[in-house]
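Two complexes are shown next, each including chain A; its partner changes from chain B in the first to chain C in the second.
Take a look at the complex of A and B:
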């Protein structure tokens, strides 16, 4: 019979091994995707790589009529930027409204949560039917934009709620006591302090919109966004070209996350310095 | 005192744009789906008579009913696997890793892929699962099998493998949050009173993290039920779940059939969420205990 201390250590090792195995399991496909995207011109969709080259990246750049990823890439980027800006404005307004504890703010909160809980396939499909009944043409810059904001907005809202929860209201009080109007106080005091959180909400909106598939699929109209173009290409033929696009997209997301984490960290640092 | 007055008209008007957007784009379309699923007749218009025919037609087809069953089984499997795996990882990260830097590094390694495209992560499994894929090459190299196994790509196993890697983070996240909120004094008290570690876990730690487990399970449940993209990417057109059926009918312009499936999907999800809320009072989560 081994003592409970060594048994505890044994559990620790077992759980640790499991965690490491899972992390490998989770990351290995992503690294493989990156590795295979650099395979030679004769490379297939799996190992062996048949040499290393930038062939498939060139292939993405050199467009053919059948598969040209540049217009979808441009559309996805513009759409994501528009969603980010809309998310920033609306979520800041909504979070500021929650501070005012207006009548029915509980319902409002659940309405926003519903946007996160409701699956994209139901929202996208329902919205497509609604547009069909209203006789509205589907298009990436109108209908898809409307639906995607309903997905990015709740995340921005939760971010801004968290930001305002940590916010020190005494600085606002000081400004108001000194005779500044509420609007001036918000513009000159509150806004500069919450800017890192606002940027976080914007990056959230950007990356969620950029990667969104089900909501876009039902509401897109004739011109596809990047995830839809990738899926369409997948249906025709799988080549390392898709891996090249996947690698670029993943790198892009990773950079966005790093910026986001850094922004929040900087904000926490600046607020904690102020408290000290 | 702050930049907004409590219960002022301004606070109300600031919330209106977001509320209107969510109502118009999420709530109205979902209500509309339910309505459309009852439409009879031949034309697609709001004047259609209401009938149960669309539902009767769905349940009369054995293939569809079987598909609904297998969707439930598949989802339950994933909930079990990600639940156990996610709990183990969450427990290890919060309780067993002492160094804050290591904990942060492991935690980041765990959650960062969650921020990249789910679609791309599903595609990333293709080079692994094929007949000449990495898994088969490894198995043959080690000598487990002589010929490649065709059981991975375009199969339920492959879909499950990919979805486990996609959704374990969702099962673990809320548990990490709950584990972090347990006061160390509680465990110390139990240990002082000579409770063995397993009893401490089973009687103290696990009940306190139960809300996290349930919320994680709800997230996995909702996502797996509606994840048609992974199924389509890895299952090809050989495998389908209920959500793929929505797409199939939609592409075939069978809007009413598609909305029947969508409504059934919605009912399954509602049952799941309501059942979870019976176990956990979600509104009390933020409250102090």
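Take a look at the complex of A and C:
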């Protein structure tokens, strides 16, 4: 018979192993795609790789009119950046409003979350119909942007709610009694304290918009975003070029997240070491 | 209590600057409701220049809300707040000559000690060099100069308290509001900190308004003690007045060491009222406006005024069984069972040898003038 502490250690090992297996399961497909993107010019979309090269990356760069991914990539990046900024601003404002408890704040909360619950295809389709009725021309930077914000905003909103939930209001009150106006208090006290949440909301805004497909499908107009362009390409023929795009996108995201984390860490460090 | 407090008027806002130069704070019947709950119900208070005022009461009595109304963190529904004779009822906190210390100090987690302390001066748009000089002075005088570059998370409770105090005092406000300022400190630190704060207050001449539920704090610090209960003021006065002449049964019961009796006046003769209570009939000396026979009244006797060596002068006697003895070093407190089910406390100075053992029956007595008839409302 072993003691409960030893059993606890055993359970720890068991759960740890399970976690590692799960993480491998999660990341292996992406890793596989990344690996295949480096296959030779005659390589296909499955193993064996038929040599290694940067051929498919060159392909992405040297694109023909038919399968040029650079304009969709640019559009998707701009759109994601715009969604990130909008999500940050609106979700911070909405979460601030929720702190104050206004009439109907319960309804407001659930209506905001509806953006997460509602099926994307229906939202996109409904929005497209509405725009058609109103005579608004569909375009990636107007209609798609609006629909995507309705999707990314609730995630940012939940993030900011969680941040404000742990926020000590008396810190703001202390600033007010020390002579700071509401705006100064927000700028000098509130904002620096919620920066991690703000970055989180921004990351949600960016990443959710960047790979959004169903909501873009009906609202996009003539110029496609990257996911739509990739799907169109998949309909025609699959080459490792798609994998190359996927790998670059993943790398780009990883770099962005790392930079954010590092920036946050550096900021903490500099404020704690700075001489008065 | 004035139940019809006038809402503040514009003409009052300009006039009183010269009329009341010596008042640091005046509250005129302020009232604050949250839905159905009345947090503050017509509080009026005058704080003279450089006075140390303690708002004392049980939790939920409205003392913190009153303080927040002074700070401008709450807006009273009606009534007026005047700081330095100037009407500020509708002013935001940043347009009032106050500073506030919060219970858990509410330090800015992302700022170093020096930055926090500089904050108030930065808000006043003082030149950078002057701020740096002042901050250094203040940090030195509060003995926290070595902590200048530390952040709150790495400070001890006592250090945080000093930082919070330095941050609040640096702008030399007219009034410092303190919400349970030492409640978060270790018990052993409190006495020292209390003394330091009292000395600081006397040296600077800044009015302190100190909210607490701890009567030791209130009585040892306050020039003026304001006892609050259920959103109103029960009694305000010097510590001596409140300890020796409690105005209501609540005050008498809330303040340590009182024995409260409730009963009906049987007769009033020659400065004495005979009050029939569930624990017996007692004679209580009455003031210039005595009660009438048949009135419901309450009175109290302090535990140290009672004696177990009863003589002819002790017109009030009561026989009871001792159920417990508490020893406080300077005082030995005996708890007796009263006939009405409540307890009777009798304090004997600790230097004397113990005379009463637990379980023993004794006869206790006190003179009519040892008891205080409560003049305030009876609950």
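In this text, the second predicted complex is superposed on the first by the 226 of 276 C-alpha atoms of A that agree within 3 Å, B and C clash if a C-alpha of one lies under 4 Å from a C-alpha of the other, contacts with A are read in each partner's own complex, and residues count from 1 in each chain.
Basically, a residue touches a chain if its C-beta (ideal position, glycine included) is under 8 Å from a C-beta of that chain, and two chains touch if they have at least 3 such contacts.
These numbers come from a predicted model, not from an experiment.
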item: Partner chain in contact with A:193 - chain B first, chain C second, else both or neither; value: second
item: First, second, both or neither for A:178, with chain B first and chain C second; value: second
item: Contacts of A:237 with chain B and chain C, given as first, second, both or neither; value: neither
item: Chain B versus chain C as contact partner of A:50, first or second or both or neither; value: neither
item: Which superposed partner A:168 touches (first chain B, second chain C, both, neither); value: second
item: More chain A residues in contact [chain B versus chain C]; value: B
item: Chain B and chain C footprints on chain A, overlapping residues; value: 173, 176-177, 182, 189
item: Complex interface listing, chain A residues touching chain C; value: 168, 170-171, 173-182, 184, 188-189, 192-193, 271-276
item: Residues of chain C that touch chain A when the two form their complex; value: 71-73, 92-94, 98-100, 102, 104, 106-115, 118-120, 123-124, 132, 135, 148-149, 151, 167-168, 171, 177
item: Chain A partner contacts - residues on chain B that touch it in the complex; value: 1-8, 10-15, 17-19, 21-30, 32-33, 36, 44-46, 85, 88-89, 91-93, 96, 106, 109-110, 112-113, 115-121, 123-128, 130, 132-134, 137, 164-165, 168, 196-197, 222-223, 225-226, 228-229, 232-233, 243, 246-247, 250, 255, 258-259, 262, 265-266, 269, 273
item: Residue numbers on chain A that touch chain B, as the complex places them; value: 4, 7-8, 11-12, 15-16, 18-19, 22-23, 25-30, 32-33, 36, 44-47, 90-91, 93-94, 96-103, 105, 108, 111-112, 114-115, 117-123, 125-130, 132-133, 146-147, 149-150, 153-154, 157, 169, 172-173, 176-177, 182, 185-186, 189-190, 207, 210-211, 213-214, 217-218, 227, 230-231, 234, 238, 242-243, 246, 249-250, 253-254, 256-257
